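Chains: A, B, C, D and E, in written order; residue numbering restarts at 1 for each.
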């Protein structure tokens, strides 16, 4: 077994109670402890509890939040209904299947990929350890197949288990020993040390919100945003803020607006169905110029769709969902760890421009857990322009050059005013005059269009006359595809947009100068990103849309093929 | 006074209680009785009652629903705050002002246009008639200035007034006599007789809904959609349907979906803020494939905006507001009378494609009243494909070629099923399989994209290498601009889209063949229609955006100038 | 007749009486001013002006009380008085106005208020209050009586509204 | 409401579909499903003449598990959908199903107004004092001190009292059932369906996964000690002091159901057009 | 709650802005405005420390007519906005204003949950039994037989009983006022603001334009014959038989206000980051 793998992807499947998620998490922790990067995603059946599930763990010598083209190993505690995951668990002839004969043979859909089957008597081995569990045996097997050191595994088990640690370690070691008999996928040298986090995208977004200054959150639970809220609830208490569980999303967003009007940066998090319910109040934020941030952890739509799966199909509603002309901000993190900075940035933009901002995260980022390098944060911070009395009558909606008008915060004497969602004049008095409407429309548009996001608007990587445009979680597999292409001497440009609204036509034009072929990559059915690009930009050269609805993620290989296509 | 005017526009202003709307309506009726076409729009101050208001009446020898460039006459019962309407009441040196000296001089903003002032002692004259009102004197003056015959005026008064008819007629005749002393704007010959209606856009949309088969409406009041509902409520009762006043818009749209699921064509009507609240359930209509129609009578946005004024800024939300990829129908009537056919069509499309349809009307159409030629209706009618048991397991969401799957209506034995907003397989069972998701996404997209709207997708008028693209209530002034250009030997193409979604790129391409210059006309600030066109179509030649937010309507002259511009 | 002044010295009762009288005026001033604003907004400047005038007249009265009492600043208003009627006897009911009302109506309102005020003071003067209070009440009753006469005179000079004065042929309008 | 019986009487089984519930084994909702199917059989209805309308939640999955027409709508809007259906199709028997999150949190407003409107339908709420589907957040009926990830230490917020609210809003029939006794639930549903107007059946239906302690409800639930009343003021006093475990019909009102149902047409479209014609 | 008085006491006038109301002359809302300004003066507050939050409707126009901080939000959402504001800024005095359409129809759910949540704010609903702003459609409190264009012959739907619902949902202070007596309204608002937790003041405020017959309310409104109770069951009985015209405080509860207010920070951001650090 040569240690020549820079990335190994394994999946551990089984029915509820088998503990596949627990084992998966420990494998990820073990990889982290050994100094590798890692990523864990998950899938499960429709049952609320007790159904089939799979933990998918990728361990690598480089940082990535993408899933690989195929899994090297699929291990199963049992095979019941695991076949339902076939499309999510691509295998190849180089792959191996691990299973317990006691639970029957692997389903045909897996064996017909050419993957070789190696039975391991998980249950029987577990029986050899007092309090031993088959998932711990499997954990040991998987760790062994990658060549993770036993201490790392021990450390991970120690950290994760509250009781039965010894049995756990003993069982895992039995598994490790089993792996020694098998052809494995040993990882290459451990990468150089760096400061790292083990974090989910939802936690990252929550942390970014706090960094941005958010101290009030109101929200209503919804998959896959709930963990973001569950992380934020105690965290807010610790930093002097608070979270209110609202009766519905209408209440959430309006509570957030109320708090923000009071001077406290405020946020809510939701997914598509909830975002739909917040649309009216987002318009209020635009007109009354009250900052607020909504993190939309996108799931497969439309309607209730598939709550537990990812898709990038809320771009339309985020950009264009508001009634009337309602300029606002839309930001998309383009890596799991970027959820921190992107959310922090969104809060800063909302606050400094007094406008609603939507962060388009997705289920993939939100619920994946990864070992990431601690990002370098910009020092620049954004604040709300606050007004103080200068003896003059206060004009809340003064027609300034920047479009931003200093805001009076309740408690400040001499400049009280009424925030209004009715069209108004500079003082905030409702007006139906076309002149006031035009002036305020221009003011609100101006503050957004004058914004210069610097380099933060996109990640631009590489050179060449082929460009790939994408955003959000499609960036991970795209980056990996680029690395492969580059490794073969084929360079291309990757432009991953972080600022979706306002559009940055001048910057994109520059980024695409000289490009002959444009690939537009997105995870939805109708090509929302492509349509958006066409409406806002002149795309040079031949344009090709690479798109597919959720839930299956793009794999690096398919993108790679499109990049290098002659 | 030569009878050489083919169109005369007059406005009658005054404070609450002056009866300007009543008089305006009678003038419109009188014009209709005389055989002319006519149009009445209105404006008023922010007060609920008792504030300033103006009735704007245009009488013409040709059918139009556009306002003219300028008003020939502005009459005022009193001038209090009438200056606030200055931008809505453009005058020129050829215009005249009529007012009562007892109420002071006309405001400078009107006199400085060069309009000549002719005082008429309205109050004093009214005093000469027992039970006489100044507004009736003014009515007479205005009718006289246009040269409307006394009998027509009498007929209108007879029809409109419940009591005091004689005093009304006597007062109006006094007014007529006054007009004889003034330089008027006498109308040309009466146009050829035709079958006509006197109707508002809101009534027209309501009638269209009933023609389309709608028999259930649930709604929540909102300006300017309320009159649509108020017309529908008794009308539905008469035709065996019913209207439920819901507790909010969330309830309205879900009630409509429930009724439609039950096999009864259903509709709701609202404006921007209400549409925002219906977004989530529209997505349910898409996924569960339940037909439903929403008439959005657009008002000035964003947020509460200006409730009583028009704008075309809900295009974005109507097209792109839904979360996820949610193909649906968007139809815009392009004349006041087209509100009938467009709404009827939307109901037919919704029913036959089992999908939500949005009708984009606006405050201008909705609240204007006009004399229109009775439209010729297409015989083609659309129906919902209903399923019956054939002994096979029923596949509610069968993957048919057309994408449309026959629908079981409750009460039909043997084919019960559950309509679902969760992604599902053909049977309707929830599924998180990527294959099911893709298949259903394609099915839902297919039924929309395969739709061939024939010629109904747009009105195409004229020839030449300049094309003007527009939709909705901008079409009226555009048509008039075209007529003027044509009268001067300059032809151009007017393409007014009625079907906004699904887009019809092939048809537009054909419509624009050979075009060198494209003008895109719309009443909003950000150019939503332009953006939409760019994203869906390749526009040929030089493209220019003609846009402006509400509330001021486009005037024919400014469009004309752009068309003939060298 | 309001809450009985608590058993106290004549001086205290007097101060209490005067502060009540003052409050009564303030309420009236404010209500008239509010009416004036409302009618201004609704394009009825004539009646608005009249209410403004009435408000000014009441202000004079209030100022006189202030001067008389030599209160250093406005006395802190006691929590809402429990007047016998829901508001001060000189305060017009909030719903007495209409956007099409005519000066005659405004004077009718004022007349009713002045009459009520007169009766209020007369009742106190005739009652069992301390002497000083009774004397002051008498004086004020006389003053209100003169207002009543004044307004009655005034009413003769303005036209009586014709029946149907509040008819508006146009419907109300819609807003947001 | 009852369709004419044209074929041999159906049994509960005929109302149970082949779809296997995704519910956790032991979940109270199984027993509600059984009760619904029994009740429909007892009512001698036919599946095609019954519609089961729901929102989103574990409990809201119930429609597809019956052989009736089902409508699985969006979260919180089961009552409007059911109302629209019943008003448009008064010939159908409409059951609306919900959970405590779906019905009392996001759907609270529709609850209030459905009670007032009094459309003739039956509203069954499976109350487990928790958001089951989204993994255990507090719902309106959750005890204020129940600790969860989203509200560590509890929300501190007083519970929502569904029966009191229903009464205050004008519901015409109010009952509480316990899923531990499916026959009892079935009997109450039968009575609810038969009673005209809006009938509300709150079913205590334990969530074994997130509220395992609710297995103890078996000990608390007991038949209400007194018969139902038709006097709202009396019912109010009883319900306000009730401990949440009295089972049975607790109130039956006498209000006439919603009057706005469609009637036979009296006019043609041409008649209506006449209103515009010059 | 009362801000320290740092300068000479303010009068009602200091709380009235220069903007002239768009309300119809004679509208009851004028008098509510007067009452609010009087109450704030009596409470010895300063305008900058008070926020008036509303939705959409004639009544909801009130914020800008005061000199306080105002928030004129979207239709039906005044309570969530006020809740967010008060929870984030407990130092402010928050008044939430609404109408019967705004508060009881589209905003009904928030009413239920605000009563339960018991955040320390005062909710003032100007109830005129009609949608004034949109020209006279029936609201939840409209009599079932009131005929209008949208519901010719009446809705036939039973009225919504705001006080009963408030009580059933757990409001901590319930009063009914009548705008015909602005001083009385002011006194009740003062009491409501002083009472901890969620205080609800329903104000009968006639719409002279669409419901001119409400001028007759002057004859019906009268002080409640008995003093308020703090016993919910007793209050329920009273409120359920009340004719809608008893004026005064009708219930004062003893529930502790919402406990989820922010406290002083105990951790830094770096501490939180520590949770992720490997």
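Quick notes
The rule is short, and it goes like this: a contact is a pair of C-beta atoms (placed from the backbone, for glycine too) under 8 Å apart; a residue touches a chain by one contact, two chains touch by 3 or more.
Computed from a prediction, not measured in an experiment: that's the story for all the values here.
Shared contact partners of chain C and chain D, listed by label, are B, E. Look at the CA centroids: the one farthest from the centroid of chain D belongs to C. Taking the mean Cα position of each chain as its centre, A sits at the greatest distance from chain E. The interface with the greater count of contacting C-beta pairs, when C-E is set against B-E, is C-E. One simple way to say how far apart two chains are is to compare their mean CA positions; for chain B and chain E this gives 38 Å.
Note: centroid distance chain B to chain C, computed from Cα atoms, is 51 Å.
Centre-to-centre separation of chain A and chain E, using mean CA positions: 42 Å.
Rounded to whole angstrom, the centroid-to-centroid distance between chain A and chain B, based on C-alpha atoms, equals 43 Å. Of all residues in chain D, those that touch two or more other chains are 56, 74, 76, 105-106, 108-109, 112-113, 140, 155, 260.
For chain B, the set of residues that touch two or more other chains comprises 46-51, 223, 226, 237, 243, 247-248, 250, 273, 280, 283-284, 288, 303-304, 308, 420-422, 430.
Residue numbers of chain C whose C-beta contacts span two or more other chains: 41-42, 44, 99, 171-176. Chains that are in contact with each other form these pairs: A-B, A-D, A-E, B-C, B-D, B-E, C-E, D-E. Touching chain B in their complex are the following residues of chain A: 46, 84, 87-88, 250, 272-273, 275-277, 279-280, 283-284, 286-288, 300-309, 311, 313-314, 316-317, 319-327, 420-423, 430, 432-435, 437-438, 441-442, 445, 524-526, 528, 531-532, 534-536, 548-552.
If you check the complex, the residues on chain C that touch chain E are 30, 34-35, 37-42, 44, 73-74, 76-77, 79-83, 86-87, 93-99, 101, 171-176.
Against chain B, in their complex, chain D makes its touches with residues 19, 46-49, 51-53, 56, 63-64, 67-74, 76-77, 79-89, 91-92, 109-110, 112-113, 260-269, 271-273, 276-278. By the touch criterion given at the top, residues 15-22, 44, 46-53, 78, 80-81, 133, 135, 223-224, 226, 304, 307-308 of chain B touch chain C in their complex.
Across the complex, chain D is touched by residues 105-109, 112-113, 116-118, 140, 155-161, 164-165, 167-170, 232-233, 236-237, 240-241, 255, 258-260 of chain E.
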